[in-house]
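Below, subunit A partners subunit B and then partners subunit C, in two separate complexes.
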Partner chain A sequence: MNLERLPNEEKLTLCRKYYFGGFAFLPFLWLVNVVWFFKEAFVKPTYTEQLQIKTYVKCSGLGFLLWVAVLTTWITIFQHFRAEWGEVGDYLSFTIPLGIP
Partner chain B sequence: MISVIVVMTIFLVVLYKYRCYKFIHGWLILSSLMMLFWFSFMYLGEVFKTYNLAMDYPTVAMIIWNFGVVGMICIHWKGPLQLQQAYLIAISALMALVFIKYLPEWSAWVILGAISVYDLVAVLCPKGPLRMLVETAQERNEPIFPALIYSSAMIWMVGMANPARHAEPTNQDTGMFCLISAYNPLALTMLRGVKLGLGDFIFYSVLVGKAAATGGDWNTTLACFVAILIGLCLTLLLLAIFKKALPALPISITFGLVFYFSTDNLVRPFMDNLAAHQFYI
Partner chain C sequence: TCVQCLGDGNTSLQKLATSIVFFFCLSDVSCNSVEQKIYVELNNTVPCVRLLNATHQIGCQSSISGDTGVIHVLESEEDLEWPLSKGPNPPYMVLLESSLFTRSIMMKMKNESNRVAGVAVVVPNTSPPEFSPHTTCPNENTGVYSDNYGPNLAHCNTTVWNPRGNGLSYEEFDFPVFSLKEDNETEFIKQCYLDHNRAVNGSAPQYPLCAMQLFSHMHAVTNTPTCMRRNDINFSINPEMVCDPLGDYNVWGSIRPYNDTVFGHKENESVVIAAARLDSRAFFWEVSTGAEGSVSGFVTLLAAAQALREVTHEAPPTRNILFAFFQGETFDYIGSSRMVYDMENGKFVIDLDNIHSVLEIGQVALHSGNNLFLHSDPVSRRNNTVNDVVKNLVNNLQSSTAGLGFLLVEPNVSQPLPPSSLQRFLRAQPIPGIVLADHESAFNNRYYESFYDNAANLNLTYPSDLSPEEQLEFVTHTAESLTDVATVVARALYKQAGGDESRVNTIKADPKIVTQMLYGFLVSSNNSWFQAVMAPELKNILKPSPPEYYVGVAMSSTPTRLVQYLLANLTGAATNLTQSQCQKPDELPNESRQMYSYLWVQGIVPPNSTERDSFCVRASVRLTKAVSPAFELGEYASKDYSTWTESRWKFIKARIFLVASRDLEMLTLGVGVAVLFTSLLVTYFISTKADVLFSSTREPASAAY
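The block that comes next holds the complex of A and B.
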């Protein structure tokens, strides 16, 4: 799928769909949106739809950073307090490391 | 196993001939779904167990959910080309891992050999199922199912002066199209690059994976890898000469198998002896 060959309205639609899709717990989709449409939004010379694409890319970027912050916090908390939580920790665990922590 | 593959290929051709597109689409989506979610879940579990890391269900759920959904979007709908290629490679690698893990020792080698022969037959013989597939698709002038093909963006043309990277926008009408089952590979050029069936990737990966798992040391693995690459270059060369759909498996797999067994049995004892006697060439 080559962005070059698409007309501007379709680029906007695609960007918009990726943006709304990311609300379904999909920060990776937001990241893809940012990376893929970055050139279109910030590097290319101006065209009519570019302003909207810029907004979507910025919001996707913000959303992605927010999710990164949330996930990092949760992972840090979990890794630190997992042993102390006892049963709840085990219930939440997908893999439990062997040996003495 | 071979009979399963043969039956499924014929089944797919029949479906295509009778225009049961919905069925094919549904089946492809289902199988890629299973691949993306379940196999990657198992793989992730194994990786975490090996490195003795703790991981909780919510994080794993997020990772697999993201990986899977973005994969489905990239492969079956629209997405950046590099990401689509990366996902197709990842799926092929996962599938190859499944094969390597769950197939007994000798079955894998026999299957590799047999499937190269079958590939040769199916693509080149006039009555072969894959040949019929190619011709039917050409008659109908339709694009290929995206989940079965890996297309590189490189423009590989023999004897053309200017690489037409920004030339005509419609590339879907020119060139040849062919439908490929996920298990039987074909190599095919279009005016804008090479399309390789996913089955190719899977079986190359199975070959190298088995070489790495059972071969002993790095020499065997590296030899197999190089052999496959040489085979692929030869296949592409033949493709440029003949300009028809060609089986991509036989040459590479033959080279790979030959290299593997010869390296395993000849080169390794030789190198071990050299090292033991501290004799450097």
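The block that comes next holds the complex of A and C.
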């Protein structure tokens, strides 16, 4: 969708929808929010709704970074220790590699 | 195979070429596939596979895309330096002659396994002086001797049963180990090595080098509880079975039939059990011939059962005699532990209190000096009642050898029982029993549980001018000596069961039947006698080679079926029933499927016809499941029962090809990437300057107007 042709209120509602949508365990919506509305929020000349769009983009960015941190930590721990956890590791796994512990 | 089919090959590019040529090949059948020009497939190979138990994994594993290594034919143990430290082109695929397949060489390669990609062992037709990959103390943790029962006898402290054992079968290797036969393929491999891989005048051999790739990727890891847990996990994208428990069926038959639906203790029923084991193993998967280890024992017992048929019909003894053939005994007594478990839990037609005594036939074919030995358990004999019954059994056995030229002797020293199914019965209850064997202490068998324990180990030789049918009928020396042992066993069982003393000397085993069984079990199972006794739907399991005695996981082992049908034919009665009556005998007034099993067998081909004379055999022969109680109870980490499982795998193959140096591979890849970028650059420049390059011819045409 080309944001150029949208009026500013609709830009704001779109940004808000993506922001609230990301709370449903959907961090990629926040990433999309940041990338899509970055120009609108920080590069374009000021307009009325821009302040709210700016806060939404900043909060989306923070939320996304938080998700990245949590997921990276969990994935590193799981990949490293899955073999040692034995039973628990197997029950948490979706696919278990064949032939290696 | 052709030497010129191996050309210079760069394996990374050839996969692309292969797939292109494959599409062409779909239309043209006679094309020369590039893959055939590179790889030579090895067809007569046998892998070593992974087995797991409650705590360990043993056997061999390859990586999922195969292990490739430069072939090196090992000349001596000192030559191991080349693949392990000096050679400039690791990893190496080491080709061993059987004389070098020793524990020290394999362990050295195991320790440096980052330079060893795999091992191929050439198995010759003649056996080395001795070789046993099994442990020195077979089944030491699941027998009867432990810290609570005869602690000084446990763990082979008094007698080491298999002193030649090097334990290789129970080691874990993280590279594949395959066996090759001594045939044209192996000659081709050695020729390829001599042509390409030899170091000339001390300098390193030049690329391209001859390499071998072995695929034997095993799915299961760690131990049985882990792999059984992974079998059961449902919450997965693609649930896969990774291992299967070892097991098959036990065969049992009795003189007087039992009702197969009434289990548990039978009042006033006293039974003498005659037992033997059916299975064997080797280092490599499934090739196990077990001639002295198991065939000698169960053939003797089958012959004894046949010898007892007539006399037990005319003058039935007081006690019943039950012939039991246990499967899976190599792997911690799978069959006998299951039968004892069933007896303890009222799932078998008798229970442990009904057992009067046990006579087990161990390894009996190699008796030098003409004496056989009667092993008994000294701990249970401290009890006077048990001791009396054992002494009585010893007397019955010793008096049965009258006129046969050998003696039965008890060992001089107080020593434990050899590894035998009787140990599992003693674990449950002190039962008087004897194990008959040809060894006084250590085994006479120099090839215990190895692929060399074959007909040659028993000196089973036939004159060279005989046809297969004549060989089947020829009574060999081995067959005669086993017949004598069978006669002794039959007489002793009859006396032990309280039979009529005056008839004992009429009991004689038939040497013709023994020699036919030895031929069928050790030389070729597809002979006329085996064909006659088997069912029509099972005739495909008979092959021109001897059957394999590995217990396996498919519950369809050939020896079990053969012993079942042989026992039925040798102890049962031929009836007049038609084939449909044979399948539904309960409709007839005198027949009952609960008391007997009815088997439709092919029968012989009469001289003047082509149709077989099939008939219905009625015998009191049954199969009972021989899967370890650990799997019934779900106790996969059990210390009491066998927990052996075999891993699953997708495919197993081996191939050789010429491999190029790493530098050449990287150079080719680099050139390819450079060509890619150059072409991108050229395209970019051409598209930016497109109007300059392509417009010069148009202007005169437009200017004309």
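The rule is simple: the second predicted complex is superposed on the first by the 99 of 101 C-alpha atoms of A that agree within 3 Å, B and C clash if a C-alpha of one lies under 4 Å from a C-alpha of the other, contacts with A are read in each partner's own complex, and residues count from 1 in each chain.
Assume a contact is a pair of C-beta atoms (placed from the backbone, for glycine too) under 8 Å apart; a residue touches a chain by one contact, two chains touch by 3 or more.
The model shown is predicted, which means the values in this text are computed figures rather than measured ones.
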Report task. With the two complexes superposed on chain A, say which partner A:L71 touches: subunit B (first), subunit C (second), both, or neither. Result -> first
Query raised in the report: Just subunit B (first), just subunit C (second), both, or neither: which does A:G86 touch?
Result: second
Query raised in the report: When both complexes are superposed, which of subunit B and subunit C contacts more residues belonging to subunit A?
Result: B
Query - First, second, both or neither for A:V43, with subunit B first and subunit C second - result: neither
Query raised in the report: Touch check for A:L98: first (subunit B), second (subunit C), both, or neither?
Result: both
Requested in this report: List the residues of subunit A that touch subunit B in one complex and subunit C in the other.
Outcome: 93-96, 98-99
Report summary line: Interface with subunit A, subunit B side, in the complex: residues 45, 48-49, 52-60, 62, 65-67, 69-70, 73, 78-81, 83-84, 153, 166, 169
Query raised in the report: Which positions of subunit C touch subunit A when the two form their complex?
Result: 61, 64, 217-222, 226, 229-230, 233, 235-238, 240, 242
**Report entry** Residues on subunit A engaged by subunit B in the complex (per definition of touch)
**Finding:** 1-5, 14, 21, 24-29, 32, 35-36, 71, 74-75, 78-79, 82, 92-99
Query raised in the report: Which subunit A residues qualify as touching subunit C in the complex?
Result: 86-87, 90-91, 93-96, 98-101
